[in-house]
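My structure is below; once you've seen it, I'll send some questions.
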Amino acid sequence: MTQQLSARPAAAPPQDAKDPVARRIALRLGVRVVELVGFLVLLVTVLFFLARVQGDPAVILAGPEATPEDVAQIRVIYGLDSPLIIQYLNFLRQFLLFDFGNSITERVPALDLAAGRLGTTLLLCVIATVINVAVATPIGIYIGGGTGSAAGRRRPLRKVVSGIVLATQGIQYYIIALLLITVFAIKLQVLPAIGFDRADSWILPSISLAWLAAPRLARVVQSAARQVWSSELVHTATAYGLSPATIRTKYVLPNVLVPLIATAGTQFTLLLSGAVIVEQLFGINGLGQLLVVSVQNADFPSLAAGVTLIGLVVFAVTAVSDVLYRIADPRLRRNG
Amino acid sequence: ACGGSSTSSDPSAASSGKPDEAKNAAATLRVVVPSISQFLGQPFQAASPPRAESTSAIFDALTRVDNTGTPVPWLAKSWNRVNDTTWQFSLRTDVKFSNGEPVDADAVVATVTTLLGAAGTGSVAKLYNPTVSGATKVDAATVNITSSKPDGVLPQEIAALYIVPPKYLAEVGMDGFAKAPIGTGPYTVTSISSTEIAMKANPTSWRKPIIGNLQIKQVADQTARTNAILSNAADINTLLDLDQIDNVKAKNFTVFPLKNQAVFLLQFIASTGGSKPLDNPLVRQAINYAVDKDAVIKSVFQGLTTVASQGTAPGTTGHDDGLQPYPYDQAKAKDLLTQAGYPNGFELTGVYSLGAFAGDKDFLAQAQSDLAKVGIKLTMKQETTANMTSYLLKGQWPADMFTTAYLTAPTQDATKAYSFNSCLRKPGSWCDQTQADLISKALTQTVGTPERAETLKALAKAIHDNPPALFFNNGLKVIAYSSGVAGYTIDSSTNTSWETVYFK
Amino acid sequence: MATSGTRTWRLLPRGVKSSLYWLISLLILGLTVWKHGAGHAEQDIRSRLQGPSAQHWLGTDGAGRDNLQELLHGLPWSVEVALLATLIAAVVGTLVGVTSGWYGRWWARAILRLVDFEVAFPFVVMAVVLIGVLGRGTLQIALVLGIALWPLVARVVHGETLQLREQEYVVYSNLVWGNGLRVIREHLVPALLIRVAVVSAFVFGDVLGAAAALSLLGIGPSLETSSWGNMLADGQQYLNRDPWIALSSALALVVLLVFVNMLADRLAAAASRSGTAATMTEVLAPAEAADLDATAPADRGAR
Amino acid sequence: MADTGISTGQSAAAVRALSVTYRRGARLVHAARDVSIDIPRGRIVGLIGESGAGKSTVLRALLGLTKPTSGVVEIAGTDLSTVSAKAALALRNRIQVVMQNPYASLDPRWSVADSIAEPLRARSRQRGSEPMSKDDIARRVGEMLDRVRLPTSKLHSLPRELSGGERQRVAIARALSVRPAILVADEPVTALDNVTTAEILGLLEELHAEVGLAILIVSHSMSVIAQLADDVHVMQDGRVVESGSAESVLDHPQHPHTAMLIAASRYLDEWDGSGPELTTAAAR
Amino acid sequence: MTETTNTTKPTGAGGPAGATQLVVDVSQLTVELGDPDRGHGVRIGPVDLRIGRGECVCVVGTSGAGKSTIGQALLGMLGPGGRVTGGSVRVAGTSLFEADDKTLRSLRGSTVTMIFQDPTSALNPVRRLDKIFADVLKAHGTTGKDEIVARTREALTAAELDPDAAMRRYAHELSGGMRQRVMVALALVNRPAVIVADEPTTALDPTTQKEVIELFGVLKRTNTLVVITHDLRVARRLADRIVVMSLGRIVETGTVEEIMTAPRHPVTQGLVANQKLTKVVKRRDRS
């Protein structure tokens, strides 16, 4: 009667694999990779044909003052004279070998070009994510409730902060960027208005970009925290006499982590989006700028390379947040 | 070393005292530009700005075209026309490339030969000098450049033909050269990317600079560029937004309006004698009368430039100062439209790509609102640069007009702009046979001769009277730099004399 | 079915109803302003870039248009594009979400994976590409924004459908009708409406913000179109000397967005109180929230 | 296959050699293994077993909610896999179901009348069955309300205004409105308190007696089964470990698992405060 | 089992304990839940309930009678939307609704603890069990590492769990029965004066129910217990005294014998009758 542990195994060990966890992870990863490749192929295919609709690469290559003869010559040189489907198949073969050809406007391998720009954009997004999480979590936890006695009793200050967060979400990050530039770079001259090369030039763009995500994240945390506060869990903890501080740090925060990670993970792509505009406003030559310019110049190789890299980054971010979930929530560790 | 004909943008620079050499040698001059050449350090493609900043820091050509449109000696000391198709240049003998190779007839011949070959596809040799057919060495310091047709403006045309070290080029090839260019200019490249070029002083240059380092950085957004200098993240902004002139001036920056020998306009897609409204010269004149361009010049351009009267700007060879711009006269416009048979106006469509020239948005808005008053409903549609280029080359437009610029770079000769926008280019968008004949004639006549001047005068009048476009303004490029910078000069071909710049 | 609409209405909590009234009044306001006319306010280039005065309360812009007038002219476009895009996102997202959630076969899963990737793909980049190709008309921009945002709706609807599908009353209904479409019509759609409304309110806000951002990138509506984004992009260059243009449009945008967000927030809160449980977490991090339920061990031992 | 000793000739519905396997991650869950259960006409069949034994799975398979991995589902002696989808649907129409959770089995947006009318509307839409007018439906709904002893005043109530017992009555009314031959009930009283449980069980018994429909009732409570069932099947870990008449199984359990379930149940039911109370075993 | 415990109890089994030491003293408690005046909410009470040291009181009643509300009130807690509108609750001499937060906190989990119905949602899923125990111990002044471990082991053993196996687990790694035991251990860890258990067996299947009830049978020998249940059979097994609630009021109290054999109030009668019905031998007359 006393030792029930063996009588009712908590979790039946899986019977049908040698190292099932590793195998499952490998399998899952494999499926994900296949999906990723499939998606990228689909994407570049769409891009490929869109790009052909949009502009004749030979014309772009030739430049504005070229003659039709030049264009014809370029067409031959770059293999743009063969039927579209052949061009597409060639492109696809190259793509699967991770070769995008040379950038049409810059005449260097498009992948090198995009990869060179990727670092800046990634750094920008990572710093913004750090700011985002660092700012949104405490605010979200704070406005998420949890007073001395029962959960959910609102205090005036909390209401005010909550309102401010709602308002900040309405203030678009690019407006913040413009204001930050005006105040800190131009009026006060304490931080540079352009670039992203020195540490002090990271500050304004990162804050602007983080602004895109932080209010939402704060509200997700708020709502998750509120859920935890009103859950049986906190009810129990209260019944055991735990102090609100303990409950907040050991019950609410850890249980908010999963939605937090999930949101911060998806927000990374939001940040990649926002980076395009932030780069524009701060004169940062990142991947976003490259994509914008590539579209304008119908530079398909650069576009495809850039888009593929973004796909990979997103994939990596998903993988990382997958791991983070598992660290944050032991319930997820078991069934891979 | 300076050709003596460049515009000094800073009159005080000449009179001020000697620069502090040590300080300058350690300093870096930071320049923000709207875009860096797509071809990195390879100077043979696209001769117009923005790449002029970096090419004039790294390279030199045989000639330069001064602010009056006249070719002046540069790597060539002098030249003369040997016959209809041959020009002979005698070279300076004191100039070396930064890698030690000498600048001599062999280098010139090698450069020309390379560009005429397969490696030169799309290069100046084929695009701007379609007539150049070869170069031959006469002696070490003398070289003959030949053209396939009689070419009177060849000394101007080769102002874009930068001379490069032949051995090095052969060694690294065109692509390698683009990544590590070598020339005779005041600076040598230490690193180059499509967004930033870092350079250091070339102590052996015949145009030895004062400032130790030069950094050219691409900042596409015009506001960001302004912010860059305002926040002291850069020293020079090579293209300032017109609306910022007052503002940066107030903050003690030097603002330099450079008349850059271009004319901005809304090109008609038409040909004299056709049946569309725009094919009628009266209609085209009416449109020019109807729009109050002066209002835009006064308020947006702050009077820094003038309304264009013809397809070339003052200072260009072939510009007729006697011609007056079409005045703003709506009554006259209405009159002309009635004469032409359109008393109630008609609808027009136009395409534009934004940012093609300063104030374009304002001109377009003004044109739309003024044309509406004479009954012409103008609808404008924005297109990407890529699309515009594509339409241009195919000669097929989804519209009746498009925004463009008549560029004369690098020759600063009227024929350059006119021939590109005439029956001579096929497929083109504008054709008037009288004008085309005059252009052909001027192209063969030797530059500087009175006969040629006469032809050009007739051409200018023909363009004015039978306008191929709604003329907007004579080109203006506003440069701003911090008050600490001195000796900064740039000519109307956008050649910058980097060797004279220093920090006060 | 005819009565199920009134049933749903009867069940809506007061907060939702008042939010809807607000929304409708906003629309009426929008339409009124619409009458004001599309296109730009009168321009007078000679009086450009003026600060606020009795004549021009918010000053004038670079073309000499009155900023206040311009704001009024710009509102219809912004609302129109946001409404269109939201409509596209809501309709497509709901259709896809319901079918993939309900049928759950391989193709439905494939669509869902696509949704996942699309969500994962930065939408400004997608917008840049698509607008480059499609052009910059109102319809095109709305389409692009709709395409970018439908996955958000689809994910929420999908998750909700998955849950509803397991609800005993839905299982029962499916049993007696033997016809999925019927069940979707009778039970799912009414149950989903409130949730779609909540997400749509968020999408609406996103679209408003994103449409303005496109202008900053130079791929917003073309110049003839008067829009707040264009005003902002235009005013951006004068920010350090004539902040009126940028500030007035920015402020207008902020006010509208805060309003929309508050609306969305109230809708969400009301919906969650009404028992359809739409919280911020589920709206903003929908798939993950749903995923978690699926991955948490099915705990049946404790029953 | 355990021999139940019941003639299959009068089978209202049955599952034979049914296996259902779920995938959970990389793991396979055998929710039902080789299960054969027969529901003879007019009898009440009980299915018991502890949590996770597979009771609901069998029931879902019978209803067509889960596709069997192998095995046969028969209704009125017809193997469903051998007939057309339309015919299968018609056969399935003979079965009605009362679900476990009274709080989830009614659409929160629908009134009592709407809910009860749903199967009637569905039936009248189907080809082969005569369509019912709105009045007919309303009349039948009223009848059913009477039958489950709900006051007419509740006709337009929403589920949230009803107690758990009332909701379960509505569910039963809904199920019986189309006069099914077989009623399947998955733990119909588990969520209810004793008083309500007693009422619902009483109601089921009464209806059974009146219309003679066959009932399959799933429960993990011995008491419930003991009260209602004629035949009992005991499941453990996906298998039927014991089958037979209620008397034999409950009074003389053969399988140790059955014995354990009964013992656990008896533990609660037995009481030493004022002498042992009656249990199924102790009753005789 | 009941007999032996009954004899060792100091308390008489009758109504509110008079002479013995009172641990719980609820007098004239009235509670409002929600907004009864607006039609969505209920009033509970007035309720009088006195429990002596060592007593085991079972609170039974139909769903919605207010059992859980009273149970929570014993910890000075009320669900969201709940207010005390009159009366008092004293536990071990402290008046709960007059005490400040800090006093309440020190009381909860040590003087009076609660075992909830659904251990799955009551245990922090992301915290290992030993940490959860440590939290509760630390909250009431036990800070030494070794002491924490020792007390945790003691409590787990008392709840009939293997401490070595359980301590390093997460809640989701345990079966339902084990989780409920953990909840019991958690309630015991600070050696409380009163343990309140709200429907401790309802969510379990019969086999597990049996285990848990037996565990409570052991607990009641050494602890004061208040068990809330809607299953009279559970109360019958455990109680020294049964308190019947209906519509927010206590309608009847009595010993198990009194309630089972001579229920007076109709609700009690219903409960008793129905509890019999569920185990009545099936009518054979049908076949």
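Every chain is named by a letter (A, B, C, D and E) in the order it is written, and numbering of its residues begins at 1.
Everything below uses one rule, namely that a contact is a pair of C-beta atoms (placed from the backbone, for glycine too) under 8 Å apart; a residue touches a chain by one contact, two chains touch by 3 or more.
These are the chains along with the protein names UniProt gives them: A = ABC transporter permease; C = ABC transmembrane type-1 domain-containing protein; D = ABC transporter domain-containing protein; E = Nickel import system ATP-binding protein NikD.
Remember, it's a predicted structure, so these values are computed and weren't measured experimentally.
The set of chains touching chain A and also touching chain B is given as C. When each chain is reduced to the average of its Cα atoms, B sits farthest from chain E.
A comparison of the B-C and D-E interfaces places the larger number of contacting C-beta pairs at D-E.
Each chain gets a centre from the mean of its Cα atoms; for chain A and chain D, those two points are 50 Å apart. With centres set at the average Cα position, the gap from chain D to chain E is 34 Å.
Rounded to whole angstrom, the centroid-to-centroid distance between chain A and chain C, based on C-alpha atoms, equals 20 Å. Chain geometry summary: the mean Cα position of chain C and that of chain D are 46 Å apart.
Within chain D, the positions touching two or more other chains are listed as 24, 51, 220. Contact with two or more other chains is made by residues 8, 11, 54, 181, 186, 280-281, 295-296, 329, 331, 334-335 of chain A. Annotation for chain C: residues touching 2 or more other chains are 132, 236, 239-240, 296-297, 301-303.
Here chain C touches chain D in the complex through residues 3-4, 7-8, 11, 167-173, 175-178, 182, 186-187, 190-191, 275, 298, 300-303, going by the rule given at the top. Residue ranges on chain A touching chain E, taken from their complex, read 1-5, 8, 10-11, 148-152, 230-233, 235-243, 246, 250-251, 254-255, 257, 328-331, 334.
Residues 113-114, 117, 119-125, 128-130, 132-133, 205, 209, 212-213, 216-217, 232, 236, 239-240, 243, 246, 250, 253-262, 265, 279-281, 284-285, 287-289, 291-292, 295-297, 301 of chain C touch chain A in their complex.
The touching residues of chain C, counted against chain B in their complex, run 40, 43, 45-46, 48-49, 62-64, 132, 136, 218, 222-224, 234, 236-242. The part of chain B that touches chain C in the complex is made up of residues 222-223, 226-227, 230, 241, 243-244, 246-247, 292, 295-296, 298-300, 354-355, 361-362, 364-366, 368-369, 379-382, 384.
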